[in-house]
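Each of the two complexes below includes subunit A, the first together with subunit B, the second together with subunit C.
After this line comes the complex of A and B, so read on.
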């Protein structure tokens, strides 16, 4: 199964409510047959710009990163569900990039091009 | 007296007494002319001037060392050669963005190679859309970061 990453921005809430929202999201993922690999909390911060969602203007938010494997067919339904969730400010599913073996980006050819 | 047809050959050091004043005048003219020419074409030369020999014109050992340095310079690539670019690493991405407007700097300013410049640009745009990085400015805590882009800011 391909590997995806969910960059989730939740509304700035109290700790138990945030925990409940995360639990809800992960359970939704697992219900649809996704295998959650990793869950990362990037903390609560000031948002880079004010976001309007569900008739509310958000200045602060909590960032989460969910690493999971799933079938591509469920993504549409999943995003639909996340957009409808009131506590979620911005859900984005990305494909996880494979870490390439570190080949030097500046080999002879590119160096010649740089000189020009 | 000379006739028109004949050519006169005089031995080197004889001076015909009748022509002495004429010759003197000619000589003076010649000398003055030469002096004027000399004044125009005179090149100032040092008193200790020596003619350039081939040994002095050829480069010495330090010139050969300089050639070695040049080859070493061309080996190193752009500054992000072994660095993976990620949209989550907004501190790195903010270094390639203007602090006043938040615009992404071009290749001529960042000095990155084609591949890395594209990666950085894509990552910045991704971070903008995901809500990780501000669009029109730079996070204040990143303003003190070292300046890698070759652009002068009037601070």
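After this line comes the complex of A and C, so read on.
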């Protein structure tokens, strides 16, 4: 199955509400037959520009990254659902390419530092 | 009435005629067959040249002698030709020559057969070698394919194992809450700065 990444921008909310929104999203994913690999939080940040969604202007948002495997046919419905979710400011699904074991641009030292 | 004409029929007459005379022949000029005879020629009776008996006898004799001699010569020559032909086909030399030719023919045929056999042997050997080559190549190709298949299967199995290992860390309905709490507790930051010497700086301003 191809591998996708959902870069999810949620509204800046309190912790329990954020948790609930994330839980809702992941459950939707799983209902549609996706296998969630990993869930990462990039924290609450200032958005690069002010975004308007669901009649609200947002300057701050919480970024989440969800790796998952799914069939390509469900993506359309999923995105539709996410756009309609009030707490979601911007959902973005990207394809994840197969990672190569090593890249030729960096040398060993830099790679070590980057890993840390 | 009389016209000077040329043509093939005239060549023979030309040889016999004396050189001073002009060659003429009777030709119907102005009048056709049904036209009436001219007044100047009314009572004309064409009389052929009369024969001189003495001359006739002499000529007859000479002619008969001449013809006899010519006939005799002709027969002689004909006989000579026929004899030569007969000797050619059934003379003493004929058998000898025929036998020689047959021997030659047989020798050549033998030589031809020998050559054929030799070439046949060479060809058989060559074909055998080629067959063996082809067999060997086929075997090699089969072995190669087998190996490639094995390689492929091995790689796929490796990938499966790797995925199985990673599957232990996947998010499931039970892990979900736990994972969400974990994620909310550890915000990850992928930003970094790098300068021309290759020094990496991970600490950034978090807004």
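The rule we apply is simple: the second predicted complex is superposed on the first by the 100 of 116 C-alpha atoms of A that agree within 3 Å, B and C clash if a C-alpha of one lies under 4 Å from a C-alpha of the other, contacts with A are read in each partner's own complex, and residues count from 1 in each chain.
Throughout what follows, a residue touches a chain if its C-beta (ideal position, glycine included) is under 8 Å from a C-beta of that chain, and two chains touch if they have at least 3 such contacts.
Since the model is a prediction, treat every value here as computed from it, not as a measurement.
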{"item": "Contacts of A:9 with subunit B and subunit C, given as first, second, both or neither", "value": "first"}
{"item": "Partner chain in contact with A:51 - subunit B first, subunit C second, else both or neither", "value": "first"}
{"item": "Which of subunit B and subunit C A:98 touches, first, second, both or neither", "value": "neither"}
{"item": "First (subunit B), second (subunit C), both or neither touched by A:30", "value": "second"}
{"item": "Common ground on subunit A, meaning residues reached by subunit C in one complex and by subunit B in the other", "value": "42, 110, 113-114"}
{"item": "Residue numbers on subunit A that touch subunit C, as the complex places them", "value": "15, 18-19, 22-23, 26-27, 30, 35-46, 64, 107, 109-110, 113-114, 116"}
{"item": "Footprint of subunit A on subunit B - complex, ascending", "value": "74, 76-78, 80-82, 84, 88, 113-116, 126, 129-136, 139"}
{"item": "Residue ranges of subunit C in contact with subunit A within the complex", "value": "166, 169-171, 173, 176-177, 179-181, 183-184, 186-190, 192, 194, 198-200, 202, 206-207"}
{"item": "In the complex with subunit B, residue positions of subunit A that touch it", "value": "7, 9, 42, 47-49, 51, 61, 63, 65, 89-90, 92, 94, 99, 102, 104-106, 110-111, 113-115"}
